[in-house]
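Below: the structure, in structure tokens.
Every chain is named by a letter (A, B, C and D) in the order it is written, and numbering of its residues begins at 1.
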Amino acid sequence: MKVEFHSDREFDLIAIGRACIDLNSVEYNCPMEETMTFKKYVGGSPANIAIGTSKLGLKSGFIGKLADDQHGRFIEQYLRRVGVDTSHMVVDQEGHKTGLAFTEIKSPEECSILMYRDEVADLYLDPSEVSEDYIEKAKVLLVSGTALAKSPSREAVLKSIRLAKKNDVKVIFELDYRGYTWVSTQEASVYYSLVAEQSDVVVGTRDEFDILENLKDGNNEATVNHLFKHSPQLIVIKHGVEGSYAYTKSGETFRGHAYLTKVLKTFGAGDSYASAFLYALITGKDIETALKYGSASAAIVVSKHSSSEAMPTLDEIEQFISERTKDIGVTTRLM
Amino acid sequence: MKVEFHSDREFDLIAIGRACIDLNSVEYNCPMEETMTFKKYVGGSPANIAIGTSKLGLKSGFIGKLADDQHGRFIEQYLRRVGVDTSHMVVDQEGHKTGLAFTEIKSPEECSILMYRDEVADLYLDPSEVSEDYIEKAKVLLVSGTALAKSPSREAVLKSIRLAKKNDVKVIFELDYRGYTWVSTQEASVYYSLVAEQSDVVVGTRDEFDILENLKDGNNEATVNHLFKHSPQLIVIKHGVEGSYAYTKSGETFRGHAYLTKVLKTFGAGDSYASAFLYALITGKDIETALKYGSASAAIVVSKHSSSEAMPTLDEIEQFISERTKDIGVTTRLM
Amino acid sequence: MKVEFHSDREFDLIAIGRACIDLNSVEYNCPMEETMTFKKYVGGSPANIAIGTSKLGLKSGFIGKLADDQHGRFIEQYLRRVGVDTSHMVVDQEGHKTGLAFTEIKSPEECSILMYRDEVADLYLDPSEVSEDYIEKAKVLLVSGTALAKSPSREAVLKSIRLAKKNDVKVIFELDYRGYTWVSTQEASVYYSLVAEQSDVVVGTRDEFDILENLKDGNNEATVNHLFKHSPQLIVIKHGVEGSYAYTKSGETFRGHAYLTKVLKTFGAGDSYASAFLYALITGKDIETALKYGSASAAIVVSKHSSSEAMPTLDEIEQFISERTKDIGVTTRLM
Amino acid sequence: MKVEFHSDREFDLIAIGRACIDLNSVEYNCPMEETMTFKKYVGGSPANIAIGTSKLGLKSGFIGKLADDQHGRFIEQYLRRVGVDTSHMVVDQEGHKTGLAFTEIKSPEECSILMYRDEVADLYLDPSEVSEDYIEKAKVLLVSGTALAKSPSREAVLKSIRLAKKNDVKVIFELDYRGYTWVSTQEASVYYSLVAEQSDVVVGTRDEFDILENLKDGNNEATVNHLFKHSPQLIVIKHGVEGSYAYTKSGETFRGHAYLTKVLKTFGAGDSYASAFLYALITGKDIETALKYGSASAAIVVSKHSSSEAMPTLDEIEQFISERTKDIGVTTRLM
């Protein structure tokens, strides 16, 4: 099975949601209390995916709200520089701030993030700032779950999905669950279910699907059986180092294996995975290839310092795969 | 066309949303500044419909949150007394208050309401307080639009709709739009669209459908064409004294005429209409009869002082209709 | 000792704070759940005192914020009708509501109040709406503690006190503590101390002075010793049916006895006491007489249905006292 | 005139208010959009003064609330390392964050700060967390104006001032006005007046005194005439490069001149001034010397990268002064 996209659209992918600042400790392998210097990067899952797909050659756009300050302007300039269309990013007029993520790398296994997400500009995107004229120009609308966490961003996203479906734009839902922005897991479950049932492709970790289903230790079969009663055609469930599974509505299952690599930190793995996976899907590659691209892209990014700047080019991904394929096959067709 | 309901369910109808207090001026035909005495009644659209259908002989239940005070206890006692099941009403533990509506009747044409809706208990119904075990016992889940206006009541309602659809409970959406509880009409439009598209029956005034569509002076044909692409099977659009139209997915249109009556005030017309209309639908009557029942019930209530206590019995409705039918036919089959 | 007031001021007393609506059960001696009718009166401690002193013949004014609705207009009209100057009452432009108090009279000993105080207009009085030109025209600024419970009303009152002291207007502080509007008793204690120390006269119940001192079971001697180190010249501490004590900075203590009376309800006792007590002080009567007036006024009001409309005239007070004095002496000079 | 301090107290100075993180651009002389690296320092006016006085040899303590995260722990560790007593700093339990200040140095004349002050831990210091046992151990309580901007920090500070006055601890008020944390200048004026009138020493810029007085272009004479009617004994009004004026209640006026220096940035000038000025006062030096120390300390800090780490030692200040005194006399006794 292949997901079919409209062929004659100006944009391959338009992402909606947050674009923030990562402040990555320059010093590694120590607690943040001892880190004295931080390096600034663009961050935030949908921004990273817009950047990642753009670097891979897709035409990407972004719908989001930026703080009216130096950090907001830096983000817009950076996105524009790497080729992302920023014509539908709006600048907040009410003094909201750019979200921040200070990253701590105590060891490759012990990474943590200190988030600043109170009253951030991205969550103030208003439904009136989402334009049908823009969305109908895209093959894919990429929705990030975190943008559903608060009003009015929540309503802006719900509106964008309606407009996408109305205009035959495929909706891809990256669960991207961040607990601290939600009032409760019950609340998150309500919106995750609602949006997943309306999406064409759903991508997330097993833990994130548990949030969606409001349960613990869910199993993939039950998850996909339920969702395939609704809109989804393709569901990707990631299990960390054990790799990922892709399920199609037509009944196929694929397993993608993670590449062994020297891990510097785990940040950015999901976004780089999604970027390359979506790149492959949208350019018409088969699901096995898409899984391979995703894994390769993630393996490259976790070995580098940033999430956004480290996003690989197509050449890097293909070279990485060709070097590794000698060793192990990374996808398995299960059924 | 008839809407089909599950036959073997314990409850005919379970309503979800607000149950409040109406404080109706005892003195009529004067501005409220000069009114010195107020009479207390249960109010709120879904509570009125639960009461109205119960008085007509249906088995009704209610899901909602009550203030932990004298007004909250009065509401629960009143509902129970008229036969509404209150086993799934929960009592607020955080000091929220009962919503109030002071009514002013300057003249039959000039009625207004002074609302107290800040921090009211009904809008704090939590999704965790909505039980699948209860909803699956009903033929119909009646959803009131006002309950979508704020979190967490909004999420409680969205969850109840998912559970209803999962358990083959028909969802009836009474638009019941009250501007003051919403942040913006854009926000209202997002949730009204979302819920209407998932409902089986949608009932509202033409103005309320305009909110749903986020436009002005919409026309019924466009409205029903759009909604019939989704779940709805039956749509009722009310045009005040010009009567109402019922549209079926199978292509029929019916017009219901309003009965002429001595109007005391306009409050309660919508809820009494909905009660009798739904009673007729659920008991298997045809749509023409349902429209007639709705109009008769509304005509009876607008001639009396309260909205809830004035809800008619079946005998009253049938006697009213038989007296009037000599004069005019109240429904017309258009196509 | 007598408190001296400026003789040549246009207003005897200007009160600042809330003016609300009391909704008193028409039915007595039953729980509110069974009360079906409510009668409307102006309420709120400083409004009652402005009304009470005006009925006794003083020239009173009021600084406060009213809802832009029927209840707000009723209050302004009522105050004006009983002679209170309303030229410095401002009308809220942001949709805030009038505070409400539903009163329940289960028995003369069991009275309770159901308050609506969320987002009420009176607590939105802004410091910019307090005018020095007005305050300097008064002999007395009457401050009610409840107006300190929330910003910006809190800052409006703090500003009014500064302006009063600057212009030699005596500050009289009626503690009027209502727990539900404060975040914590710690917070209340901070502002009560601050304002009491800056006031000339402080009036409250023993329980209210405990809040001020942030302790339990405080004793009057410690209370007055502390406060007399600051601005106060006269402190009145009320002990319910055991009567009240008045302490002067110069070292005198007076005890006022409560009159026995047929109590209908306890609401309004404090405000009627304050009205008559202040009337006596401002018109140059001695403290013993002031205590007697206060007790008589309270005894009259607790035997009637309302708090504001029941405020007695001077004749009523004097007649009440002359009838009772045959029996008992109501004040005692202790030292 | 000299300000007299209690001689036998364990702490010379206890500061109350915020302790935050400064993130100073490593790259100078460019807009922040182009800055890629930030260096972390402790910041916040009262923390800087506690650090500055501690480095000068005073025994300093701090009352404040810290975020329960890496930034909070860094601040506590840093303060402790430079000798500040942190036994009365409390750790927030409700997820509030550490305040941040990103500094931008476009040129020595064009410095700006990008603040993160939404929901920061320091503004959640509660009055119940302020201990009389601690405050009574100090010669001086240093109050920073910004801590008055929001509840409950506002009430914690008001309480600390009451406790200080009760225990004969001198209150020094550093106006430290930051517009973005206040609802309005009216609100700021109310609390600035209230606290200034209760303080023994008030230090601020001319602009800050204008906020206190709620006017524009105020003049020093009117300012000090008003404040000397209340508690203040010493008032310092700073006029930037034109130097500063110190006024005593006994009628003296001193002018302190600013030292010419190579300015890197203007941040930290006020705090380093206050640290050295207070050091001199508390150690019994005369006001002329205190002004000189303040100016020298400020001149040293503005030529360095940070505000806190750059705080000079006594030797550095004295050496700086001795080098410069050859050129110009820096204080003038005016009357």
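Here is the rule we use: a residue touches a chain if its C-beta (ideal position, glycine included) is under 8 Å from a C-beta of that chain, and two chains touch if they have at least 3 such contacts.
The structure presented is a predicted model; accordingly, all values stated were derived computationally and were not measured.
Asker: Quick one: how many steps at least from subunit B to subunit D, stepping chain to touching chain?
Answerer: Minimal hop count between subunit B and subunit D: 2.
Asker: Which chain has its C-alpha centre farthest away from the C-alpha centre of subunit D?
Answerer: Chain centre farthest from subunit D's centre: B.
Asker: How much rotation, in degrees rounded to the nearest 5, is required to superimpose subunit A onto subunit D on the basis of Cα coordinates?
Answerer: 180
Asker: Quick one: subunit B and subunit C, Cα centre-to-centre, how many Å?
Answerer: 45
Asker: How many angstrom lie between the centres of subunit C and subunit D, each centre taken as the mean Cα position?
Answerer: Between these chains, centre-to-centre, one finds 41 Å.
Asker: Roughly how many whole angstrom separate the Cα centroids of subunit A and subunit C?
Answerer: 61
Asker: Quick one: which residues in subunit D touch 2 or more of the other chains?
Answerer: Residue numbers touching two or more other chains: none in subunit D.
Asker: Would you identify the shape of the chain contact graph, picking one of line, ring, star, complete or other?
Answerer: ring
Asker: Pairwise, which chains touch?
Answerer: Touching chain pairs, listed by label, are A-B, A-D, B-C, C-D.
Asker: Okay, in this complex, where on subunit B does subunit C touch?
Answerer: Residue positions touching the partner: 23, 26, 31-33, 35-40, 69-71, 73-74, 77, 95, 97, 100, 102, 104, 114, 116, 118-119, 180.
Asker: Contact residues on subunit B for subunit A in the complex?
Answerer: Listed in rising order, the residues of subunit B that touch subunit A are 126-128, 151-152, 155, 158-159, 162, 183-184, 186-187, 189-191, 193-194.
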